[in-house]
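Shared between the two complexes below is chain A, which has chain B as its partner in the first and chain C in the second.
== the complex of A and B ==
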């Protein structure tokens, strides 16, 4: 039974080791083909994961949960990994050394994320978190001859190490005061003891929140995001935007809504504040950006704000909305980055101006990037609209009891309006501006397939949301919230 | 027992002294390993088998090897360039720090001596218990650490690889 629970992680880790050893004994000549094969294999793993059933009980001494929530996020991470590997296959020619190791590190990083989705214990959570973070330290600085990549790697390393230190310090406080690292036992201890008696408990909670806030790039732990998003190799940026962020959110929800739920009166307003601040900072900061990856970095902070709205609502609707949002955000963001990788492969530039006239040079790339931007902005009938709609519904639902939440909804609505400007700006470059270069940009068939899948999902989930909504509602039930 | 104590103490101090006085960085690390071994010997003498083993595993097996790796990837190993004076102008600040650390340690040891008598001695942790815990209750974090270390090693090699290629 125990092995059943961790089979997906084992599969990914074994795949990584096999690739590493194969390359050691028979050096790979065509790194691009390996990337495509790996992408297909991870895609097959994703399909296989749909045959798995959730386990009711936590396994490994209550440390590891394979509930519907964990499965939901595991599938999300597998999806992201498959697409990021596809991007990497298109990107790999720009890497000078260690091409195969790039895939290996991505796979190991994904392994860590899959474990994170199930972590029900601070110790396991920290180990898995470090696995993900250390892989990103190397991946962000992979293009070390390029100063931006080096800068991204250094910033991520320093701030990442700091946040890991804060997290483990906070865990030590929680562990020392409550005597347990298990989320469920922690909840039991906190329910019995009078809330707020120990200042150390608050201190520990704030430190853990800070560490997770770094992962999801929420204000005030967001400073790294724009620089790292801009400088890191594009597939790594995509993995950060989709995988790392979702991993941070699943942990945040498990920690807050299982372990620290009795302290909700304390952390509720904090999350509320973080959500509002992230919304304002991310969307205003994105306005003057000229570089598309940097723009997406700010936009990622803004989206952390939207998703935090769902977390702050602390109801079943909110959790389901968070899950749905992540599901559709994955397709949207992966679509955007896939298109960016395909374009920059030819142009070699990341600034928005270089996307001018894209619809003439490569109609499918132009369409994909345009749709992704519109979905991020939340324009109906694309999936992003419905994702935001659910989050707002959850916040309004909560606001019936607590009027402060109306303010949050108001800030969110204002942020949506502001964000339209900079997302449409990219769309304007693609369709309205002309460029002196009119040569066609070649698009390989795997990228085409990936783009069609993403675009299909964006439109499909915008029109027919039922399957993902049902899955999200079912997964949200694990917290037992109303 | 006393003879063993003195031999180990002398070896430990010698290792520590050589580690800070030798010119060649690699030699310094090797002396440092000698020092670590001496500390492990002290743990064994104190019947803290687990600490002794961990000292060897972590300090010699990981920390010293890490330092060696770092040195191998750096230039100027032999120490022929750079400041020659070891006991420079700032020797007294080092002495002050050493005295402070020694003071804190002595204070802690003296306070702890009374506490140790009062508290009942915990059940000694055998290596077998430890092994059982690592592959039993804690198997997922343990295996997670294994994957983590693999990833860190691959990452270190990738970074070093590029460095070597650039130097050529």
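== the complex of A and C ==
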């Protein structure tokens, strides 16, 4: 057993079990405090992960990789989990029953994501993917007396199970025809054999792509996103937006750029089309929205489009851009959701109109939400601007060889302009509109700390990108692309 | 003589029936049953591949799929029961409280 490779996963799983058993034998009275402690512990795990070194070889019979890419995403997931636990601690009073189990499910979900970041084999990938998905089934429908949460849970259940079915049927064909589930061996087999012959391979590939497309909420597998984002408890929405999406992208890159790289002429145009369609759908769909979580659901579809631009470019620059984008997107999105949790705790409403005059009621929440929206829109000097800049640079680089990519860059640029409208709309509510309610919204110190970290990162990464760019470029080398 | 293709056709038929059930039926329980059929279609394909192409990994995956399907059913039925308690219906057409 190579414990070194799976120590972070083991830590989280043990933590989850310990919390679950403790609550069973000695019921926890102050669930909020437990949430804050867990958040701090996961934060410490994140710091600890920086002492870990990547392993050159895949371990567990080639199933598991602890390379720089895996470490990059593991840190991202740990960061997201720490913040989501912090949000949950603020949110937990709104949950009727099973408050501690809420944390436990989040931790197990995070364990699955950490495994996904390292998966180098279809079987492991499927099992870890299901660990994440089944945890999300429970988490989205956690407010089981509220109709929206139940509806969101049912929709996620049906579409999530459908996507698992598609993925596993695709895996069955890939595995059955090539005889291997390992990504590297699959690549070797596909490089040797003439690709054009087996339609079964294409069929399998399309189905696996469809399943992963669901995870990242890309068109045409996006139908669940707005409803589930709106109905799910807010911390769960944040975990979906940051964790689940990043997990989908790391898998997508490993499957496409390691296992199925020889089939690039086939899937390249498909990813190109998906990117363009997601950009258009997400950004146009967000225009008329009045509920902030639903707005972020559409925005998340649009961002899947931006990130797919980097995947479609299939070059080292594109992969690095995808990684950088995820890094900064995590801070931005977590900042937005943290502010939303703090506001809705008092107002109890999610519609954008209820954020009117927020800068008077709680200046720090107003500022944080405004900065997050501007970073999502890609306004300089915030980190979202540089993230988008890199993605466009990667696509333009690819367009030198293939003129179709100019179209993609054009659609992306148009999408940025359109998105300014609905992001600024939220900013307008915060700063320009007044509301009849002027009582101050209390902000607890853990939330303050979290918000300052996120805002610092958004501005810091916008001004001084070097450290994250270096980390992203180093992790992108895993694929050996030019 | 039964060949690999025969099995794959049957498995494909099961899969198509599952997809049809998900798209056409409006009862959440029936949809859920169709979803499980998709997983079993994959199981059949995997077992057939294991038998004819000698892929042992495929059989391993079948066991994982069976276990995961059981977990999915446990969680899924609980959610559908909770939905029924709250709304007195399991028709997916009634899942429309969230709009614009």
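Methods note: the second predicted complex is superposed on the first by the 481 of 482 C-alpha atoms of A that agree within 3 Å, B and C clash if a C-alpha of one lies under 4 Å from a C-alpha of the other, contacts with A are read in each partner's own complex, and residues count from 1 in each chain.
Here, a residue touches a chain if its C-beta (ideal position, glycine included) is under 8 Å from a C-beta of that chain, and two chains touch if they have at least 3 such contacts.
Just so you know, these numbers come straight off a predicted model, no measurement behind them.
Q: Specify the outcome, clash or fit, for chain B and chain C once both structures are aligned onto chain A.
A: After superposition on chain A, chain B vs chain C: fit, no clash.
Q: Of the two partner chains, chain B (first) and chain C (second), which one does A:97 touch, if any: first, second, both, or neither?
A: In the superposed model, A:97 contacts chain B only, not chain C.
Q: What is the contact status of A:175 with respect to chain B (first) and chain C (second): first, second, both, or neither?
A: In the superposition, A:175 contacts chain C only.
Q: May I ask you to decide whether A:157 touches chain B, chain C, both, or neither, giving the answer as first, second, both or neither?
A: A:157 sits against chain C, while chain B stays out of touch.
Q: Under the stated touch criterion, which partner chain does A:137 make contact with: chain B (first), chain C (second), both, or neither?
A: both
Q: Angle at the Cα centre of chain A spanned by the Cα centres of chain C and chain B: state it in steps of 10 degrees.
A: In the superposed model, the angle at chain A is 20 degrees.
Q: Given the touch rule stated above, what does A:115 touch, chain B (first), chain C (second), both, or neither?
A: First partner only.
Q: So, A:247: does it touch chain B (first), chain C (second), both, or neither?
A: neither
Q: So in the superposed three-chain picture, is A:128 touching just chain B, just chain C, both, or none of them (first/second/both/neither)?
A: Only chain B is touched by A:128; chain C is not.
Q: Specify the partner with more touching residues on chain A, choosing between chain B and chain C.
A: Residues of chain A touched, chain B against chain C: more for C.
Q: Please work out whether A:216 is in contact with chain B alone, chain C alone, both, or neither, and reply first, second, both or neither.
A: In the superposed model, A:216 contacts neither chain B nor chain C.
Q: Smallest separation in Å between any Cα of chain B and any Cα of chain C in the superposed model?
A: Minimum over all C-alpha pairs of chain B and chain C: 5 Å.
Q: Identify the overlap between the chain B-contacting and the chain C-contacting residues of chain A.
A: The answer is residues 123, 127, 130, 134, 137-138, 141, 144-145 of chain A.
Q: Name, in rising order, each residue of chain B that touches chain A in their complex.
A: Against chain A, chain B makes touches at 137-141, 144-145, 147-148, 150-152, 154-155, 157-159, 161-162, 165-166.
Q: Under the stated contact criterion, what part of chain A meets chain B in this complex?
A: Contacts found on chain A: 6, 13, 17, 20, 60-61, 63-64, 96-98, 101, 104-105, 108-109, 111-112, 115, 123-124, 127-128, 130-131, 134-135, 137-138, 141-142, 144-145.
Q: Where on chain A does chain C make contact in their complex?
A: Contacts found on chain A: 122-123, 126-127, 130, 134, 137-138, 141, 144-145, 147-148, 150-155, 157-158, 161-162, 164-166, 168-169, 171-173, 175-177, 179-181, 226-227, 230-231, 288-291, 294.
Q: Per the contact definition, I'd like the list of chain C residues that touch chain A in the complex.
A: Listed in rising order, the residues of chain C that touch chain A are 15, 18, 22, 28, 31-32, 35, 38-39, 41-42, 45-46, 48-50, 53-55, 57-58, 60-61, 64-65, 68, 71-72, 75-76, 79-80, 82-83, 86-87, 92, 95, 97-98, 100.
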